[in-house]
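Both complexes below contain chain A, partnered by chain B and then by chain C.
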Partner chain A sequence: MTRPRTRGADEIMRDVARKQVSRRGLMKGAAAAGLVLPTAGTPLSAIRSAAAAQDEPLGSALIGELEGPIVLVDAPRPENLKQAPMLDPLVEDGTLPPVEERVPLEPLVVQPVEGIGTYGGVLRRGFTGPGDDENGNRYNSGDKLIFWDYTGTEFRPALAKSWEFSDEDRVFTIHLREGHKWSDGEPFTADDFVFWYEDLYLNPDIVPVPSGTFAINGQQGRVEKVDDLTVSFVFEEPYPLFLTILGGTTFMGSGQMTSRGFHGGAYAPAHYLRQFLPKYTAQAELDQMATEENVEDWIALLRLKSQWYLNPDLPILGPWRCVSPINTPNWTMERNPFYYEVDPEGNQLPYLDGIQMTLAENLEVLNLRAIAGEYDLQERHTDIAKLPVFLENMEQGDYSVHLDPGSYGSDATLQVNHSYDGDPEVAQWLHNADFRRALSMGIDRDQLNETFWLGVGSPGSVAPDPSVPQSPGEEWRTMWATRDVEQANQLLDEIGLTEKDGDGFRVRSDGNGRLRLEIFAISGAFVPFPRIAQAIAQQWQEIGIQLDVSELERNLGMTRMRNNEHQLFMWANDGSELIYAFPRHALPVDPAEAMMGPLIATWFVTNGEEGMEPTEQAMLDAIDLYRSAGGQTTEEANATAQEIWKIIVDNVFSIGTVGVSPAVMGIRIVKNTMGNIPARQVNMQHARTPQSSHPATFFFRNGGGS
Partner chain B sequence: MQRQDLDAPAPAPRIGTVSPTPHSLEPEETSGPTAPFVTAPGALAPGPAPGEPILTTEAEERVAVATQWQLMWRRFRKHRLAMLGAITVILFYAIVVLAEFLAYANPEASDANRGLIAPQGIQWLHDGQFLPHIYALVGERDPQTFKRVYTVDPTQIVPVTFFATGFDWKLFGIIPTNRHLIGVEGGNPEETLFLLGTDLEGRDMWSRVMYATRTSLTIGLIAVVVSLVLGVILGGISGFYGGFADTVIQRLIEILRSIPTIPLWMGLAAAMPKTWSITQVYFTITIIISLIGWTELARVVRGRFLSLREEDFVTAADLVGARQSRIIFVHMVPLFLSHIIAATTLALPAMIISETALSFLGLGLRPPAISWGVLLQQAQNVQTVALSPWLLLPALPVILVILAFNFLGDGLRDAADPYS
Partner chain C sequence: MLSYLIRRVLFALFTCWAISVLAFIIIQLPPGDFVDAYISNLSASGSGISADQAEQLRAEYALDQPIWVQYARWMRLMAQGDLGMAMEWQRPVTEVIGDRLWLTMVVSFAAVVLTWIVALPIGIYSAVRPYSPLDYLFTLLGFLGLAIPSFLLGLLVLYFGFVYFNANIGGLFSPEYIDAPWSWAKLWDMMKHLPVPAVILGIASMAQAIRIMRANLLDELRKPYVVTARAKGLSEWRAIWKYPVRVALNPFASTIGYTLPYVVSGSIIVSLVLGLPTVGPLLLRSLIAQDMFLAGAIVLLLGVLTVIGTLVSDLLLMWIDPRIRVED
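Then we have the complex of A and B:
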């Protein structure tokens, strides 16, 4: 394999040009997303006629055209504002101010995908328990500072109506909306940012480790209030990538509701949270409150009170606030009467009165309820293996099925622990590129695709779909990622693993018997990881590698992963299509979750003071490139991302299997009564699927009756 | 229970006897205890013409001189359900011994292109002639329903042959061979023959069920033996000697019985060395469980000892100077042999069920091990019920073998205790 050469300026320009056509590229990607089945053998006449009845490739009927609501940037506030009928009595009896006072003077005007909706109705969905908060966070991601358009490629205003860089990209300034209010009616101003920065972020008791996303070259940024509606993020060095950071699901950019009580999001409701800080309230009183809430101390209390799905009193900015918390069988939400989005006719959003999440004891129950038509909209936890059953029951359940292929490379990635040190012999091989290449070539991805993805996935490496701007290109999807047992065996022989035992398995070079690799596979996840791992173990017999599959419950698996106990860990590499916003599944740089090497991530964020330096030069190169992107513009950074991907793929830092598929959050079951539902939506971490479709515009065509 | 239902009313004719003659013993004369000698009404042909008393006498003679084992066998034979159970159990254990021979495909051989094939029947006749055969299948994923659809190609006939060659295996683990009960002519059975269909990965269910039978039926055997031995010895000591030994053993039993098994099982499964194969781990756990499982039998044995040691014949044996071991094993143990046999035959299905149940819950055996529980565990989802119900078939042998063991145990208990 030739090393990727340095890219010239003209190439980068070409990439820029390509980025502009990225929307069309994305649509093409839909067709290219592996939805053409290889015909097995010679089809018989009966089968041929069945196929002839439908000229389009497999699945095309279920993958619609990418569409979504359009944010009308700089549109003025419509003249006649209207509100949901459920709010009328509250305004009449004076509980709520009139709608003109609740909606900001410059609201976010959104043109729904289909048309103006009608108010009313409660959306019914399923969730799997207190750990499933993302199920609701994603519907409430309207509280991000900066968001994306429905293609997930261009920035759109959200809480911030506009933004600009100044002082050679050292200062990033956002402008808030005049008259914007929290869900309890208090104004949302620059003071909420200052409070977040000074009282939460800078307090090491509350945020023990400063975020790497709020720093450039290890130097932390600052928050400065310019006026009530203007906030600046000030850095020591140019940090043009900060815009992407705010757009991504990062500590800084996730928004308040998605920060999960970790106090990210760059702003916080000062008027409410002050009461839980020792600075504003006597310690004795705080201890008293903590005891009443049955938590350890005021820090735990603050954390509890900062989680919207546990604390219905928390003021929020998203479309729905919590009524019944997530640790109950019915997690319910109702509209935020102060939400800042309106449609072009002046109807304050959301259209839906609320969301009701019903606890499903396990995924089978959840899927069964979806099949029975008990959910109005469910794209989370729906199982691709049940697609034929979903389709069979469409009429009976009065729903339709949409497939939304993701853009990342692999739904079941074998993440290699590059800081594994439990067994020096195993570590030595895991940290050997040729060994990993051989492992990768020992996998028959077509078999996996047909068995576990019903043939709709795209077999390949970990590289993202070629349609996304950071993709290194089509050919990197297949590098080291097609089955070649002969070459794999040859590579393993060449690196010195020539000896085999009686059963044909390669033995350790230190003479301690068979070389056994272990993979952690979480059960009950979106994709059947243990079963896929077992199939790979079977395939690796042909290259003489023994793979033991350890099936683990999610919390246990994650804990052991953070303790650096894993050799291989199977997980989706979701989010890696926008590498800077969500790097954890592509490079070991985020200590929050570093399956690719927890100790390397620690080494990275502590600037080498703690943790473990990568042993491979290629890994150091990739991390250097990643670090250098902070000072680059979006276009330059995308070009750098392509270089990073080339290193990742060529060195097989992790082993991809099948991806660019709808398997994770892409099997969308939509009740036929729902309106403003896009035929296809992007399935991306940073687009907070389905937030890119603005759930606030979803409505019931029949006025809310289910 | 079955005994009362099936046992004949007293006046029924005896084995091989004609209608009662002056020479023959009337059943009433040996009332009660003779019940075992009595057959069900109409079970045997009515006696031949009178006038052959010698025959009767010979039959009488056979009964009179029969050993206890013969008596047990005679009585057992008349328990039809028990006989049926015994035959079923023997057949199942024949599968255990000959799993590879009865399977025709490597149970691990997978291919996505033959996933989820429905069970396929063998056609026995072709053009009026005896020619067992199957039709070739052509499979493809339906672009609209996303199901894998298999079409029979009636023009392509694949003859099924007996004692055909297939994958290599070793008879009794020693003699290498590649013969299998059935196979196909001129082809690889793994790719053509699917008697019970295939699973998601395209592995042949028939062959997997054969292997699963072996695992599920053997894994509990040792455990049952261990708990049997421990139960009899410790229960015997406790009941026969009483006093301090009794107190210690009884308290030990109480402590052991208070340990919940499923958490113990989970803990042990996590504590086993990683390098052990999953079957080794499970085997070890069943033995550990059996170290706890002897308590019930020990209590029963102790109770019997307590009541028997007060009997006159025990005192008599003691007085004539019989050794304790002789008193225990010659005079006492045979009296509650029925309990031991019943406990054993009923413990085996309990062990099989617990393997199946724990594997079904994901706590027992796990893939790549193949057992009934593992097969059922992989079938516990909506799409199996809706699209591939044949994956639930491994439930059938579980039910069959558990019933068979229970009938067998019941019959054995009755037969072993002819005087009860």
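Then we have the complex of A and C:
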């Protein structure tokens, strides 16, 4: 497959200047197929032609063709397995078994996007500190049980080679790969699931509150070992949504390396972690170990030892294991010699020997280094506002720029607090659908798009991109979301906000002066929230609404938000394209982060015992629909999600501005020496971008030097 | 003399304790705690943990305890010579600071030495030849140095360095040496990176030092004892160096109180702009993360160093300027 050649920087700059950079519909056609089980055996050629069908004229050189590696489902293990040269001496001196014994009998065979790569080289990237573990987690998400294809819409095997539901969707069974080994060479079997369930998950000291994602209608599921390579998840009631839960970045589905030591992911290296449990080791010895590691007790010790980026000794299943931990200026990784992915010619993946992340003291330095071409591949922390500078320096830095639009609706959403109770007058209006519709129509999204997204975003509501299976459709992107000052004013007059003060702003109905709304806008995020909010405040003058922008430091803003102090909160609604795996930005149901109503989220999780019941019937309806999806098949649940979105959009539960853009983790700077890099990849949380492009297939064309 | 010393040391100890209480309170002042900051950070990077996991973390770091219990816990650790665990870094505070302390001291020390080497001769020259063309030139440059914020200078140097000399962006090492163990090549690499931050850090204080030196020396040179010395036929060189310069140095000695903590922290803003791996950015970062142990340790360290520095500068002044000894 030929990749579109990158054009000269000048040419692209001219296009940007002429605002010709428009977006292409994301994955048209591919989405229509909906979610299909890989066991259905979509033939390779079909996927290829579906990809080719999207080959319409490119609207821009920067948003290329969506492409990615193909997982060859059920492909047999290639005859002659090969390994990276760096492993040869280790096999010769007996440190490692030969590659035939390291790769499972049924490996995951992946057809790279471009072709067979060559071994070697260390990928250079930047990271921002110990809190940036997701930077490496996403390169190591090959350790999820079930994953997605490169479009992020269809399930593909990962650790589990296949799966099925039985007993009317009460039992979900996965099949492991024979001969699959941990990074230390120990076998990976059903016992690792039993250990996780019995010794970690069921121990309230370790997992204090059982996960809601491992329960249907409040009843917890359990893990049963069928044989060494077969594990069943058994539920009291039908739980077909569990497949989506495993596909998402959830407690159950995230995989070991993304679970941050909270012991999610449904399996754990029993042979290694046992030594940190009181059940297997004397308490005195554990206390001794805890003291040596400077942690409080054995629980903290276990958590520390379960985080791959802090503990290089932890056996893992992803493509790279940690060498130098994340709390040092150089976070480095090297290949896992037991990784279970191979290319069709039998080369064990990954091609890259390792990854080196250098600590950047701040985002400006990181972006400057990217501009200077000091990174081989960087899509994280790159700033859309610097796009012109990135393009200008492409030749000098010997890199190219790829844009990967996200699939969620709005990068800068005005999240409305539906449980706001600080000012009864303001609360009354915020909880009025017509008021919110008027606010939404008072926003000039095209102007915002040109100013802050350099024209590469898509103006619209909060609904996700029409190409994703849960999208209610194209028309819901624009409902109540195009500028119409006249209708907005009319709506505001109709609901009784007719009085205006001398400056033309509407006044409160209780006679206490001007109606002032306040929005919390956090500085230093991927998108310049405070400046966008200021622009909206200007635009709202025309509908007579005064908006005060409170620019807050991130933690201060988030803490005040959790305390229910905000009226409006500006944030991206990322993750909402797969609503059941990450609902928090679409509905107020997750108390960990409920910008749309912290008290409603508490009400939801306590089954109405605490918190506040939503005042609007539409919100109750949407939450009921959300609750009902657990017992539905993937197709039914997607249809339900569309209904939920229709309610959200029609009632403008939150106000979308511009989204489906590359602003968040979608400005990809790629050194020209790199191969198997998709022209465009999906940018989705559940697809663990760039894991959807299988980083294990990335390689250096020049054999590893940079 | 001895009783004066004891009195000063006791007072210094009390000040240190007061600093520890203040540091702790100030760090706790903003709403939220380390776990809140951690969650906010995760949210900003498109992921998150559940509310239950947050509670679990809070218990693990004892953040669910009342503030005085947390302070007592911190003091108990301190008493054992343990600065605690940096929450964000998951490493002992001593290690986290230790990594950077050495480099910070190298950079800051280079800046201080550079300041003095340049500022003293120029200041003396300007005082001895006031209102000469060169004096005007140095005055102009000095005011420019004072007026230009050092972070702006840092940005300009970074930009021109990158555009015209293809220099590395920020940091103290080339990428290939960051990871490498210490060697002569790595040392040389650091020496090559050192002048830029040293000059930028030094330039503002350099300008200041020139002005102070010039003003003080001018005052001294007009005094009768200098006139007498000259009248008695003392060589110009000796007439200037023997006493006036020594007296004019007083303000420098008295700034050591601030120089010491500066050497350890580096300049926070300039270090951030230049991407230097020094203690300054670490402090800012720990405050944003509400990492109580790390921020507390750094603030306390800086406080203690200020106290020690003041003590040292008092003693130095006594040594340089006999008049102080006599008055005491």
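Here is the rule we go by: the second predicted complex is superposed on the first by the 616 of 706 C-alpha atoms of A that agree within 3 Å, B and C clash if a C-alpha of one lies under 4 Å from a C-alpha of the other, contacts with A are read in each partner's own complex, and residues count from 1 in each chain.
FYI, a contact is a pair of C-beta atoms (placed from the backbone, for glycine too) under 8 Å apart; a residue touches a chain by one contact, two chains touch by 3 or more.
What you see is a predicted model; the values in this text were computed from it and never measured.
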| item | value |
| --- | --- |
| Touched partner set for A:P329, first chain B, second chain C, both or neither | second |
| Touched partner set for A:L368, first chain B, second chain C, both or neither | both |
| Chain A residues touched - chain C or chain B, whichever exceeds | C |
| Chain B versus chain C as contact partner of A:L304, first or second or both or neither | second |
| Touched partner set for A:Q685, first chain B, second chain C, both or neither | second |
| Touching partner for A:E134 - first (chain B), second (chain C), both, neither | second |
| Which superposed partner A:S628 touches (first chain B, second chain C, both, neither) | neither |
| Partner chain in contact with A:Q538 - chain B first, chain C second, else both or neither | first |
| Which of chain B and chain C A:Q447 touches, first, second, both or neither | first |
| Touched partner set for A:P208, first chain B, second chain C, both or neither | second |
| Intersection of the chain A residues that touch chain B with those that touch chain C | 364, 368, 371 |
| Of all residues in chain A, those that touch chain C in their complex | 124, 129-132, 134-135, 208-209, 211, 249, 251, 258, 260, 262, 294-296, 299-300, 303-304, 310, 324, 327-330, 332, 356, 358-362, 364-365, 368-369, 371-372, 374, 380, 525-526, 553-560, 562-563, 571-572, 574-575, 584, 590-593, 605, 664-665, 685 |
| Residues of chain C that touch chain A when the two form their complex | 30-32, 36-56, 60, 62, 85, 88-92, 96, 99, 158, 162, 168-171, 175, 178-179, 271-273, 275-277, 281, 285, 288-290 |
| Contact set on chain A toward chain B in their complex | 37, 39-44, 46-47, 50-51, 54, 57-59, 61, 364, 367-368, 371, 383, 385-389, 391-392, 446-452, 454-456, 513, 516, 518, 523, 530-531, 534-535, 537-538, 548-549, 551 |
| In the complex, chain B residues that touch chain A | 108, 110-113, 115, 138-147, 149, 151, 153, 200-202, 274-275, 362, 366-368, 378, 380-383, 386-387 |
